[in-house]
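Presented below are the structures under discussion, each in the form of structure tokens.
Each of the next two complexes has subunit A plus one more chain, namely subunit B in the first and subunit C in the second.
And then the complex of A and B:
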């Protein structure tokens, strides 16, 4: 089964980001972050379309086979297939809402997770909420299609609090972007 | 109450306590006829890093890297490494380096990125070298690397544009920032500059001349999305070689230079006589995993890999066995079961190697590879990456 293969796109994107930014300018960094916000989550959509993924039970990961859709404060909630950190739903926030006083990062890493109710794959943006100390509640670390640092948009260890007033990590949300196929 | 009276009461109380304390201490001393002597407070120093020492990063929960002697299991001291800092040892053994980020008001205020330099014998801060930025991630060995001659540091930056900051450690100055699109996970490349892994599956080589950088790429040799190489790979300065491990268990070796060459990989599972790891779901097999999943004993060319039973995409799972791979013969020569799952692994670069590991519970263990016995277990040692001195 062919998985994601958007290497060239990712590199092109990163080249564009790097090429357009002078490293010392905070303004251009913010610019890069804002440019990145809409573009990063689009990557796996294109990949998924190109790959026509197999959605049979045999093709599902261990996480997808056991995921549930009822309780978003549990690590096995379906949208959390590649989340790492404290669930904002346990910290006074919601699936797409930061807890009071925290600030959502405009950029994120992404995951493609299967909703067991309809068997379809959806693109999820894991946006960090920033500017408060680590929440400490409901720590999860799910790793479906999670990669390493040279593919940062699919890596869940990076602190993604770019473009926020503080880079302190508080918790992570799982924002629905749309259907992946 | 007047201030004088208050002082007098405190003085009397202090005197009373002193007399009591002296009496308490004097009692056992009297039995041995030793005369108690008044002591003064002083501060210990330690020798430069020894090959049997290991350095455990406290990670998210403890703001220091603890130095332990693998022979005795005793702690020798601590270097400040706050959350998301990276630690490195000067090859000459004179300094410890910490690449770190601090805000002027704790969690807010002005961001300051720097390489902090510590004297290896006093563990005192010598100086700070300001940086324009660095990535905030932690638990990675290859975001802060030192050249073999100890003169240059390379610090990975992600802002979120990808780049590398170069520092002259002799002059203790930031030199230049190099844009490195699509690549990360650094390794020294002596006489050239450094190399890095890239999202297109290639190895980038960055030749540095002054403030100029010339980036070339190898042909793609791995899939960054389907079967990624773990960021925490190993580098051997004796051979100028890196050893890479992928999620499925493929082992690649790359000879570095102006034009690196990458050898055909082999499967760690096949090297142990079982079927190779695959990317398909529902394929239960032994897979490598953890945060720092492998360690190389450079003198023997033996690789130690944390392995667990599971399905694909369980690459962060702790290892329940350590597999010892002879890289020359491409055979797994020993499998060791672990009492508890372990997440990070290192090995001393000595003739009689000691294996160092820690797990999610932050306990560290020392295993004597000659006997296979657990030599020491240290509770609350730290839960993040382990570093050893490489005296070669």
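And then the complex of A and C:
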């Protein structure tokens, strides 16, 4: 006698299936699958692929839902949705300005943040201030729309002190570029 | 009081950051289905490094403003723009949306550098060329090659050999 008989096993399986299921249950399952199929394109992955970026309140990130618009020295200030580093507002600079002695980098990391006051999306350039030792105050790491480091242009861990006289990182600003459409 | 405050800020030596506003629309080809979105996409996906207004000098990056249009000189150099890794592999998956972005960059920022009669990119062209992303070629060598062609065939200025006008060697 053979130890492994695929034929017998297959027969056993099919007979069990035939005995345990009716044609009607098969039809009802098929029907349910047909009805359920169109629901799947509504899943977020599919919506993210839509031609226009989804700026609706439902598409808000966790950051945007909890962001505030009053205190720009806190990590949850709305413009800091993708900032990584020390806030220049805590280091003697401002939202748009580097602290004395630090030099703004000509390149930046651009993020899209939602202003909770009007619910609209804005483009924010995170411009590093360079050429001075690290400030070390108010360290934040918010990650809206950021990806892993293997795509460096979409990662905000990179120090963007290119084109400055020194690559030493001091702090980050959050410059308003304009409304995102 | 406000003036006093501004004055003291200046004295403190705070370094303001300019050139952060969105660039003006300028004359754009009708092929762009949504110019506002194209400009916004440019700022979001390219403007960080290449500059919101198309210039990031003195950072070591090719300046786009008034220059990038020269790459429409030949079919090969057109294809080169779409095959650039960050364009070909852009997270904009819709080819028309990506064509709009590139057309905004070329015609909106490149302006007078577009050779006469050059046609805007179509979604079909983008779809075809982005499959051939330059993943192993030297981007510097590729750029240098197409710059020479643009200088010879389309009359691009010799400063195109530099990353930006006035770049120190």
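In this section, the second predicted complex is superposed on the first by the 119 of 181 C-alpha atoms of A that agree within 3 Å, B and C clash if a C-alpha of one lies under 4 Å from a C-alpha of the other, contacts with A are read in each partner's own complex, and residues count from 1 in each chain.
Just so we're on the same page, a contact is a pair of C-beta atoms (placed from the backbone, for glycine too) under 8 Å apart; a residue touches a chain by one contact, two chains touch by 3 or more.
It should be emphasised that the depicted structure is a prediction, and the values quoted were computed from it without experimental measurement.
Participant: Taking the superposition on A as described, I'd like to know which of subunit B and subunit C A:70 touches: first, second, both or neither.
Facilitator: Neither subunit B nor subunit C is touched by A:70.
Participant: Which partner chains sit in contact with A:60 here, subunit B, subunit C, both or neither? Use first/second/both/neither.
Facilitator: first
Participant: Using the touch definition from the top, say if A:162 reaches subunit B (first), subunit C (second), both or neither.
Facilitator: In the superposed model, A:162 contacts both subunit B and subunit C.
Participant: So, does A:106 touch the first partner subunit B, the second partner subunit C, both, or neither?
Facilitator: Once the two structures are laid over each other on A, A:106 reaches subunit C alone.
Participant: By residue count, which of the two partners contacts subunit A more extensively, subunit B or subunit C?
Facilitator: With both complexes superposed on chain A, more residues of subunit A are touched by B.
Participant: Quick one: is A:133 in contact with subunit B, with subunit C, with both, or with neither? Answer first, second, both or neither.
Facilitator: In the superposed model, A:133 contacts subunit B only, not subunit C.
Participant: Who does A:144 touch here: subunit B (first), subunit C (second), both, or neither?
Facilitator: After superposition on chain A, A:144 lies in contact with subunit B alone.
Participant: Overlap the subunit B and subunit C contact sets on subunit A and report the shared residues.
Facilitator: Touching subunit B and subunit C on subunit A: residues 107, 154, 160, 162.
Participant: Would you pull the subunit C residues touching subunit A in the complex into a rising list?
Facilitator: These residues of subunit C touch subunit A: 12-17, 20-22, 34, 36-37, 39-40, 43-45, 47-49, 51-52, 56-61, 86, 91, 93-94, 96-97.
Participant: Using the touch rule from the top, collect the residues of subunit A that touch subunit C in their complex.
Facilitator: Residues in contact with subunit C: 49, 51-53, 92-94, 96-110, 112, 123, 125, 127, 129, 153-154, 160, 162-163, 173, 175-181.
Participant: Any idea which subunit B residues touch subunit A in the complex?
Facilitator: Going by the criterion above, the answer is residues 60, 84, 101, 103, 107-108, 111, 132-133, 135-140, 143, 156-163, 177, 179-185, 196-201, 220, 223-226, 228-231, 279-282, 310-316.
Participant: Please give the residue numbers of subunit A that touch subunit B in the complex, ascending.
Facilitator: 1, 3-8, 10-11, 14-15, 17-19, 21, 23-24, 29, 32-33, 36, 58-63, 65, 107, 131, 133-134, 141, 143-152, 154, 157-162, 165-168
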